[in-house]
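As written, the chains take the letters A, B and C, and residue 1 is the first residue of each chain.
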Amino acid sequence: MTSKTNPGRFFEDYTVGDVIRHAVPRTLAEGERAMYTALYPQRFALHSSDAFALWCGLDGSPMDDLITFHTVFGKTVPDVSLNAIANLGYADGRFLQPVFPGDTLRSESEVIGVKQNSNGKSGVVWVRTTGINQSDEPVLSYVRWVMVRKRDPEAAAPEAIIPDLIEVVPAADLLVPDGLNFDDYDFASAGEPHRAADYAIGETIDHIDGVTIEEAEHMLATRLWQNTAKVHFDATHRDDGKRLIYGGHVISLARALSFNGLANAQCIAAINGGSHANPCFAGDTVRAWSEVLDKAEVAPGIAALRLRLVATRGRAFALRGDDGKYLPDVLLDLDYWALMPA
Amino acid sequence: MTSKTNPGRFFEDYTVGDVIRHAVPRTLAEGERAMYTALYPQRFALHSSDAFALWCGLDGSPMDDLITFHTVFGKTVPDVSLNAIANLGYADGRFLQPVFPGDTLRSESEVIGVKQNSNGKSGVVWVRTTGINQSDEPVLSYVRWVMVRKRDPEAAAPEAIIPDLIEVVPAADLLVPDGLNFDDYDFASAGEPHRAADYAIGETIDHIDGVTIEEAEHMLATRLWQNTAKVHFDATHRDDGKRLIYGGHVISLARALSFNGLANAQCIAAINGGSHANPCFAGDTVRAWSEVLDKAEVAPGIAALRLRLVATRGRAFALRGDDGKYLPDVLLDLDYWALMPA
Amino acid sequence: MTSKTNPGRFFEDYTVGDVIRHAVPRTLAEGERAMYTALYPQRFALHSSDAFALWCGLDGSPMDDLITFHTVFGKTVPDVSLNAIANLGYADGRFLQPVFPGDTLRSESEVIGVKQNSNGKSGVVWVRTTGINQSDEPVLSYVRWVMVRKRDPEAAAPEAIIPDLIEVVPAADLLVPDGLNFDDYDFASAGEPHRAADYAIGETIDHIDGVTIEEAEHMLATRLWQNTAKVHFDATHRDDGKRLIYGGHVISLARALSFNGLANAQCIAAINGGSHANPCFAGDTVRAWSEVLDKAEVAPGIAALRLRLVATRGRAFALRGDDGKYLPDVLLDLDYWALMPA
């Protein structure tokens, strides 16, 4: 066998300043939207209905923001995650403009930090990834850092460069999609009466429902974003014969469940950070709760709610144990900004 | 935890004459059609092919009538079924015009009857639900009645109002979609040579094939219609750890299977009534048979066949036992009118 | 029960020269494309992105060639495979023009050969199937032969007519889709740097990844092509309670996996032959490897690679045992021509 396949990049292959153009641009359309609705209990009205989106000043219903995220992320996997040991975190994620059916997305990542681990066998790489549409306009930008194996443990360590990352995207930086307004917002159509003013900082919301995950579902979802990381698909890859569920599947599941109590949090404006606290497997019943972390008015009539979204295996409202570590049934701890009527 | 989530309506919350506008309008498009074809063995030519639909006088292939039904029904779940103990029946369902890709549907229900049960703990509520498109035209109307818990068992009983329901939609009331004609109907393309004249009242038809259901399939289907009733998704909800399959999944499966023997029964004009006789679970192999109950000519060259469609677990051609109750392997007993070449 | 369902054709029902028009034309659109991406790890850029397809001179991204194949094939099942004992082979498959979203396909088969088996109980039937679009233009043509039961073992044997089949579609016959050119081909977007000149005849390529198949996935896929052969859907049909996976599911899985190492083999121009060497069942982890059998330049800048694509259960690089028979873990041995930059 010759090996014409991409072996993936090792720690030594990342140099700060390098820009990686990820392969396979992707056109998204009505099919991806329908699949998304079948895979997740998605009911946010702006992403369900052209009519509702027109009432909100848009030309039609944009793709769910997480469709954009998963598509842009999926393209980075062959270049960033193939030899990764761990996905360490996200920061400074900004949704820059909506994606509509028919748009084509591609991804680029700039290496913005590297730091070899003290064991000499691996290192941490920081990249800023940008999703770009067919008009060469950025639609999403975020920082991600991963731990990556070295090809040669004897290779010299590069100069450590650790990027200065913000903990929270400032409310003043949040972008409101062109034309979006909630002046004639129809709360009855959206499903709940609560506007941003009805939420208190510190308030927690139980999203009530639970969804038991099947192998077929998470594999369909992950492939839909052309994310082909072995660990999600190959039951013979891990010693325990389990397929690890793509973390983004849990994000979408939890976000969709959050409709119960946050039905008017129509779009995601920023992702401040996120941890996949514990692995998720088929058979798990996923539930979710949210905590309101902050609020801000970002445009006339439009507020941003900063939310902690927690996904759990079964019903579990505690986040961390006495040791400060995530409890074993916490799957996701995501910090994001959502836009809603003020 | 604060509770901003919709607790659902209890029996006391329904007053005859009230109109409930259900949340989240939904745009249906080519994606939903493809998913429907993947979920059910759907082969009716009018719903498979734009070319065939053009030959029949339409502007393109309309969405399967059951896509319309499931979408309209799904929207009512948070307001009608959340505290329901049982789904008691359907009546007087009328398909008023076809839905095409790009149309947006919403649902409204008028409360048309209430009757408290003698136990004082629950009552029966009748609603007439209407599906409405983006031009405010009705596309579907049907009556459904459910048994709903009371919030307060001590609350006084309302005056009992039981609506007068017809048992069968009169053939004279059946609507033929604008433009539809079977003058140049291509039986070879449709798959079978039988026109309405070839069916005898009382005739029964075995649809032959069986489909074994998987958990992933019925959950994908039910979410596709934004029906998020817990019992379909949460394996920890019932004591037996089983997820109950949405009754509409069985309807669609049986109707799709009925292609074998009823390939020319191209569209559903009315649903006269239906019972989900026994629950269906993943692992069941579903089969179906039909009985011709009546026939009528509804337009030149277009006939309606009134059909009993029975879905069974395994092969089972008897409907009821000596006690008059449905036999345990009967899943569905549906009474509907379909349009076909006269 | 009356039987209005199609009993399928028996050996006696095929006469050389007969043309069978298969039922149910089908419109393919963005939904089918999204489903295909969710079902298979499909990443070929020409089928993922309108933008990439425009760069290659097309008006938009065509449907994956195997979507065309499965749709055309699925339509033949009720007329060709219903009473088939075995699917014996394919030959001389030619992709005649691309299919775009919105196109409607139908299928016709001409009987080109019959030969009764010496046991008198069955016979072999050869058909040439053509897929035709809504403008009555052929999009695909291939020969397939199956072993079919006789209705009446006493019926006289027809004169044996065995068609003269070519083993390989000559490179000179391969059609390049109208407008397709690789002059400004973007290897970085496509995912790998290898052009046809980089492949040597005899070279073998390990496609590395494996995918474990679930029941829900292969049933969704097979229904999507309106292929309703019992054996794929009914767990009670076989004595062992197993659902046999549609051979085309394995073809699509293997072709999608072949992206790793053959990312620039953008479209299938011909299928020279193929064997479903062993049955595939849910739970199998499918892997694939390819062997370069031949190369040819078919247009300026466009080369064809003749490839053997082998799908295996688990990792298995040997094809046949000492007895010349396929080894038990070989699922598919497909011989095809793909187009790529020269």
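Simple rule for what comes next: contacts are C-beta pairs under 8 Å (C-beta built on N, C-alpha and C of every residue); 3 or more make two chains touch, one makes a residue touch a chain.
Here the structure is a predicted model, which is why all the values come from computation and not from measurement.
Contact topology of the protein chains: fully connected, every pair of chains touching. Counting the residue numbers used at the interface between subunit A and subunit C, under half appear in both copies, so the two copies meet with largely different residues.
The distance from the centre of subunit A to the centre of subunit C, each centre being the mean of the chain's C-alpha atoms, comes to 36 Å.
In subunit C, the residues touching two or more other chains are 29-32, 34-35, 214-217, 220.
Of all the residues in subunit C, the ones that touch subunit A in their complex are 29-35, 37-43, 45, 48-52, 61, 188-192, 194, 198-199, 203-212, 214-217, 220, 260-263, 285, 289, 314, 317. Subunit A contributes residues 1-6, 21, 23-27, 29-32, 34-35, 78, 101-102, 104, 106, 134, 214-217, 219-221, 223-224, 226, 228, 230, 233-237, 243 to its touches with subunit C in the complex.
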